[in-house]
Amino acid sequence: MDERPVSLALKLMALTMFVFLLAPLIVVVPISFSGDSYMMFPPSSWSLKWYPAIFTDGKMTSAFWTSLLLAFVVTVLSLLIGLPAAYALVRLKPRGAEAMSALFTAPLLLPTIVLGLAILIVFSRYGLLATFQGLVAAHLVVTLPYAIRVLATALATLPIPIEEAAATLGASPFTVFRRITLPMMKSGLIGTTALCFLVSFDEVVLSLFMTGPRISTLPVAMYHHVEQQADPLVASLSVLLVILTLLVVLVVDRTSGLAKTFVK
Amino acid sequence: MTDRITAAAAGQAGEGFLSLKGLTKRYGGFAAVDNLDLEVPKGELVAFLGPSGCGKTTSLRMIAGLVPATSGRIVVGGQDLTEVPTHRRDMGLVFQSYALFPHMSVARNVAFGLEMRKVGKDEIARRVKEAIALVHLSGKEEHRPGQLSGGQQQRVALARALVVRPSILLLDEPLSNLDAKLRDEMRNEIRDIQKRLGITAIFVTHDQVEALTMCDKVVVMNQGRLEQVGTPVDLYETPRTAFVAGFVGRSNRLKATARDGVAEFAGESFAAQAGLSGPVEIMVRPHRVALSAAGADVTAGDHRVSGIVARTIFAGDILQYDVDVAGQIVSVELATRGGETVLQPGAAVSLSWRRQDVFVYGAAA
Amino acid sequence: MSAAAAIAAPAPVSDTRRSGLALVVLLIAPIALVNALGFLVPVLNLARMSFYEVEPTGAMREVYTLATWLTVFQDTFYAELILNSITVSLGITLLTLVCSYPIALYLHRSSGTWRTILLVLVISPLLTSAVVRTYGWIAILSDSGLVNNALSAIGIAPLRLMFNKTGVVIGLTEILMPYMILALLAGFGRLDPRIEEAASTLGAPPFTIFRRIILPLTLPGIALGCLLCFVLAVSSFITPKLLGGGRVFLLATEIYDQAIVTLNWPLAATLSILVLVIFGGALVLYTRALRAIM
């Protein structure tokens, strides 16, 4: 390896900052095993009671299932809507393709607090507030830009001669897409799926505007819970969520390369 | 479909199996291919030869339907295919980059075209096996393209294109990504297979050796235009334009001036096109020039000039002299036999060559 | 697959182009619909909303007025709110830069599996809900949290680290660090170790190399990271809300309160547009800075 030695000073600084960066995620682990009934660090006693507590808390479990279903529906729709659009923009290159992709990714540039308010005002008029459909629509506004960005990159890097070869062998454009293009952009599809799922599952700000007493997502339920009482319940829930996230990240890294998917 | 085209072709003897009529591709104001007319008889291997950007690949892609023609017609076996989409043209194309399907095994790659044609399962298995055997890859059926060497990938590409028995086999610089030794091997192999199957094939290349050694006919293209069509011997012995003379084989290009169809160089007169006046280029191939020490008795040759050796290059099989003749360099190549004296720079020599080895072209303005 | 059938009706070029256009429209229609209904219309509507009239009862009327805008510009509360938001966000941005730079530089110089592990450690927080991470900070900063329990163990009086600006700044700094690290990394592409080696052979001591070579070369990445973090800090809301405990007033928290609690939508809309104006200002500064650096 022709790597230069990293100076000790830099190593120490980086280590310190890593500790700072990961501190809030690490600290929830011991708290989740707390025996106290309110949050305290270090806990005065230890127990496992906060893990089963998640599943007996009706609000949390129903919010969890809502979030899971929501993330699933949003991810599927993001792929179904994003893939044709990315294909049209990258491969059919209509006039104004660049302007269109700028427009379609623009929602990412808008702060979610502003976007949330804007959507709240319009959706309230159509009775979409505190409905599952409303949540799906609002989440799609932020997942689609990610989907189209990752999918367009994946499509743009595919070697075109391979598709041309399929065409010369008698495959119609649709067959080429189904048998050649789609399998070859597998890693892009996995990346998109993971990203859309996590973005939807973790989304708080938009959901805060869109939820109500009738329907809530897990991050929103957790937010309200912490707002009122920061007990170890959220810690045990957080540990489960961090594990879920790590799993998704590992799957993405194994199948398509982490850096390729998340670092532009 | 192949049968139908064959039948149609039989009824049209005399004309080519593949004919291009005024084929043109324009990008804005730029003509990548300009009014290309060509007849390719059935069963011939024809090379499209030219420097990069000459339009040879664009022509091939138009024949395959991957690039729409701006104007002109593409007719195969009497059927106009100009507006037919690629996947219904029934042609086999071997790509420079091989373009194998990376997510499929060798056998699946080869089977793809047959599946598209809804061939029965058993027949697919049989024909895939045959095709893979034809390119000497038996035993590699279940490998992925990524596990094969460049030469093996090229063979898979060839088998994949051939297995569907295409009406025309198109090869786009198929050897340019291979190393020199493999290239020689594949050259012979492609030629053998093409002859054995009697398939009409177009071979795009920028390498004149490939074109001359493999193909029945060579189409030389330059800047989107057809320069000359002919057998390798035609092109080498009677190049019709200065470009062909320069591109096919090596040539000395001597600048001279012509008056009324006669060019003057170093005191010698050369017959040019009748009535031609103005600047011309006189071309003669280095190994068709005879060299003798000045004053020696020269027997052969219609033209005779004298000069001074400027540089001597000994390359083993060939001894090359660059001779300064009237201020221009004439290269002379002599096959070595051993024992000859090697002249040193500064030696006075006289050069001679036969009339039929000289071509005079009006120089481009 | 009959070529003859296709020839029977040769498609003129213009027709193929028209069918191509129809296909494009078909493929793009769904995303265009989502974009229009979930982005374009709401945002344009937001701008209009800021001019609606609010009656003293709190009810909103579709009558255009400048009243809300005038209130925002005249009431010193809002001027302070804006100033507060900008200064706090600037402070957070600076702190984030200082904390992220060593990590980014270290990541840039590492390679192989180790680099992948570190990258996962940087990206994982990014993919973890802000609620979870803020909760972690509550565990560290609250009165019965890690820091204060540690302090009391060695006999030091507890510090007030939460429900004030300190908590918000600490929490947001950590939350924004992954963005800064990734932006810096992207900008470090220009950092060629051979340049540093060249400087070293010319006699520059390590800190001089950092100051004269590394820092100038990484300025574009720094500028990008700062823009990103400032913009995110101004609009962040979960962390200020939970760590500020309603005692830290920022633009984003005020927008939420006006929208959800007070239900004064024209005011919330007006403040939202101010956030976008601040964004625009940051973007202008960024392009200026970039031009000065390059």
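Residue numbering begins at 1 within each chain, and the chains themselves are lettered A, B and C in the order written.
Convention: a residue touches a chain if its C-beta (ideal position, glycine included) is under 8 Å from a C-beta of that chain, and two chains touch if they have at least 3 such contacts.
As the structure is a computational prediction, the values presented were derived from the model and not from experiment.
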Averaging each chain's Cα atoms, the one nearest the global Cα mean turns out to be A
Where are there more C-beta contacts: A-B or A-C? A-C
Express in whole angstrom the distance between the two chain centres, defined as the mean CA positions of chain B and chain C. 59
Can you check how far apart chain A and chain B are, centre to centre, with Cα atoms defining each centre and the answer in Å? 55
Report the inter-chain centroid distance for chain A and chain C in whole angstrom, where each centroid is the mean of the CA atoms. 16
On chain C, where are the residues touching two or more other chains? 1
Numbers and ranges of chain A residues touching at least 2 other chains: 170
Sequence positions of chain B contacting 2 or more other chains: 85, 87-90, 117
Going by the contact rule set out above, which residues of chain C touch chain A in the complex? 1, 20-21, 23-24, 26-28, 30-32, 34-35, 37-43, 45-46, 49, 99-100, 102-103, 105-107, 109-112, 116, 118-140, 142, 144-146, 149, 171, 174, 177-178, 182, 185-186, 193, 196-197, 206, 231-232, 234-238, 241-242, 252, 255-256, 259-260, 265, 268-269, 272, 275-276, 279
List of chain A residues in touch with chain B within their complex: 159, 161-162, 164-173, 175-176, 179-180, 183-184, 186
What residues on chain A touch chain C, complex-wise? 1, 3-4, 6-7, 10-11, 13-14, 16-18, 20-28, 31, 38-42, 80-82, 84-85, 87-89, 92, 94, 100, 103-104, 106-107, 110-115, 117-122, 137-138, 140-141, 144, 148, 170, 198, 202, 204-205, 208-209, 219, 222-223, 226-227, 230, 234-235, 238, 241-242, 245-246, 248-250, 253, 258-259, 262-264
Note which residues of chain B are touching chain A in the complex, please. 64-66, 85-93, 95-97, 99-103, 112-113, 116-117, 157, 160-161, 164, 170
